[in-house]
């Protein structure tokens, strides 16, 4: 790089000479860049819903409706400098009031919503409107247009999951906005994809070739019925009890290429064996209460609480009552790169 | 082949000389073996359920319960020498009485059942018992163990679809029997696969690698709900109205590799544009009445009737009332070989 | 079906009554249509090249050049009524003289050519001309335009493999012809696909989505080099010695969806363990001599001889010298339907 | 999080109250985390081989042979704090002397080698030894054992490409070492995979299910023959001239799941249209000389020089003579996540 590189000063050490040419000796840093196994990238963390809720209500009051679309409190992992839940995923709690909308837009980050409380709210993804009920999971995959709104009075609160930290680190963030406060045109009936693709059937033709699930809507009524039916079989994985993946029924893969989503039922009295995996995850408590041990820390959780389990850290559950957990992580990304690993403590 | 081939008689014609060596001149038969387009392999045909039913009842009376497993009337296409519905697929109507069972067995032919009438019957496939209700579709894919039974009094009638003619022509028929009247051990809860794989979720691990859908049970209660929801959108394909494929949610493909299954809703007053495809199909009327034109023939059909549409023959529907048709064909096989074609009359 | 079905004669037997309505009792024929395992569909057979060659030469003399495209002697398996090599595949030996051409056409049957003798001949598939040298394998997959010609004097002989019996049984034969004696326009350089896709590289874009290998040309110079290199490792499968599949490098699957092709090297002195599989195969001897046992029969083969091994019949090889066999079968079709099986005699 | 969160000070601003609970208001940072399009993550950079070579020679002299395995000079992109070539990929130049070895080890980062100069060196990957000749590309995919050595006198120099920055950012780095200076046992013949999988053939069975190409060796002799053959067709992409991907012949995908590799020929006198893509790339000049414009910068390159093109930055080439470039990038990762984009300046 340097114009004078060839005339290197013979008194320069090799390392100085290298650095002068934008070269770095590997032997001096090898052990900094390779590791026997990964370290956790962030901290274990726990947010109590009864502490967050008052702030959300205050947010709805103080932040102008014209900014409703950004009226989100991001869960900022204490182990990270950036305001995200893990090193690859963000998690926010959003509040929308009656009559408010969030105008249509799209971005390369993929997102999901888990509905916490309220009624009369909808998300429209790619021309399909979905009415949000507690426990529902709704996706807005990469580069799909989406907008939200609420047609009834009162507060609606949901959890937003998004892969912004991952996408930004990779320098892949593209965003496009519609006109101010613009809703999408509805091109199919409400919850169309849930019926069209969601139960073992599919259309003869016109199936779009997309890298994500054609289903944008995983209603809790159906998810809970499935968890209940399988729970009656009484076969529990020692680490995960009953844990199901949200899938793309056209491929059997995860519902989005970067984010995996899970619905998990832990029976009353369940005490799990420890397990760690290479993905850090964000959990939201849909039903029940219990305790989670994450490495050396332990949290008691109640409904709607959120907690984060860092990568490559043992986790364990103890549930007093039947508990349903939604979680999401970058396991989809890791599986697509063939890098995901799990180490079970029961073997 | 012939020991004296080298001493061919010079007075022999070329053709005689060739035949003497098990050789056949192509130029003399070329136009017999190549064609601009295929001819129908079988006839259009229609069986009225009100004519078949009395025979089934008589069958139940006259055929010994020890032969219950074969107490099937095969629909013999008048255009075929072999007793099958099309050149590649068989169709039978089977009757089972209270207390009867069909012992466990398996075969390389793939099969499906469409339930017509009755209650208290079950099919067990691969350790999973499914309770048969009218309109349900249940599969027994290639080489899966299966058995049937009926625990309540009265008659149970179902339609059996099977690819025996295809498999036999290809000389691929393997069959294995359990002990006399042996039921399978149940290894999962009833209808497990419907819950485990049937609605956008899938287990984290333990998913078997199989060439067919992990779902063995497509209950009509769910299918009808889906057809109803999509029908309310009121968008009708001019040839097919609303026609859905039974799928493998791990791949998006057909539920079995040789047989495709379809559930189709035609709205009241629907009159379709003609369409032909390279697969011959067997239709069973789940709900409704109407007329089908198949080439030059026309049949009026009622509930539970069966009709066959030959390959590469135009078909058209006229429905007086909302009609639901189940159909199956070898389109799955043709798609797996990249040979399926359709010619629509609306373009 | 019968108009009088409802007035069934009470004195009719059940079977008569059923037949009168185009119904066939399964219990009377069950054992005719199901089998514990398949029977061979055709006979073992052997054609000596030194017996066929004189007939081919006579064919070239007696059959008009305007019919050159059909100047093929089909190997008619003595166990079949139709003039084919197996129940699903045809095999012909074709002779072309200098200056002759076979005009462009296409058909749904898939075909391959193995070059036997001569020079200056070409096949053009999909705009790509390939110069035929002994041992080369050239494909004309389903519905690809193709034409042949010979620009030098003398005879050119090749083996034609085609899936006409399979396609015709399935009633899927479509054929289209160009104008009389029309050659295709060449759209790429000669043997383009061999370079573009044939060695671990592929273009960045413009890769056609096709159900068959983008490579139409598997030159023997390369195949032989590969067989030689792997043979030097001296690891021999007890049944197959060293047997390689011709593949589609975009999927890892077989080069065509209905026909699989194989190149196999048996070392000098090799005596194989018996093996049977569900596919009947046609073998052509590219190099060497040996003996093949097929069920109860045994043939001694020389270079360019052809023999057929029926399905589900044990075969064994004994080779005096290093031998290279090309073979093809419908194993690709059977694998695409997940029905192919092998039973090895060495376990 | 805070024990006193519920007793929030009413005088605290909303933002202060949120931060006290590890919550971050999105509305205050939204425009910092979303962008209309990505910015370059690193700088354009160019390293001249004639400047690097003397340092490598000095390195061989001054760094102890026992550290030979780390005797690498990493190209440190001036736009990055970490000593890597791009934000996701590292690039080093390694020198090995006669008799030296680098003992066996494996790691989750994937790596490749492009051979620059010298003879008698080998890389062994997964039991297969490959003799390194200039222009050869050799892979050591994620978690495959590998070791290197040199059996002749003199210097051997190669370029190491590795995805350490990506893997480390994702906290997925696992590494395992063999005993000191341990070579792998050779389990197949040298360059086995090149023959076994590299040319349109594949074994009948025993094909390992791996997420990367079974070919570890892309010899330049073959690559150059292919580039030459396709170059004679004279069809040049206006942006890329003739650019080929190193593939996995079992899937048609990239040779490794995180790194894509390319071999590209630019004809004499070629002047390309600008093009940008979301992947930053590292180029090594295998043959020829020319100029590359990268955004506002322009570099004149000679054989063996290395240059880096940042993501989402227009690049253009002007070549005086026929030039062959090897390049690699994280495009494979981006394609596996369905996030790769290109914007061509010629449309």
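Quick notes on this one:
To keep things simple, chains are lettered A, B, C and D as they appear, and every chain counts its residues starting from 1.
Assume a residue touches a chain if its C-beta (ideal position, glycine included) is under 8 Å from a C-beta of that chain, and two chains touch if they have at least 3 such contacts.
The structure displayed is predicted, hence computed values, not measured ones.
Taken together, chain A and chain B share no touching chain. When chain centres are set by their Cα atoms, the one at the greatest distance from chain D is B. Averaging C-alpha coordinates per chain places the centre of chain B 52 Å away from that of chain D. Work out the mean CA point of chain C and of chain D, and you get 42 Å between them.
Chain A and chain D have CA centres that are 29 Å apart. Residues of chain A found to touch two or more other chains are absent. Viewed as a contact network, the protein chains form a single closed ring in which every chain touches exactly two others.
Listed by chain label, the pairs that touch are A-B, A-D, B-C, C-D.
On the chain C side of its complex with chain D, the touching residues are 188-189, 191-192, 194-204, 207, 213, 215, 218, 222-223, 225-226, 229-230, 232-233, 237, 240, 243-247, 249-252, 255, 262-263.
Those residues of chain B lying in contact with chain C across their complex are 1, 5-6, 8, 14, 17-19, 21-27, 29-30, 33-41, 45-48, 50-52, 54-55, 58-59, 62-63, 67, 70-78, 83, 87-88, 92, 107-109, 142, 164, 167-176, 211-212, 257-258, 278, 311-312, 330, 333-334, 336-339, 341.
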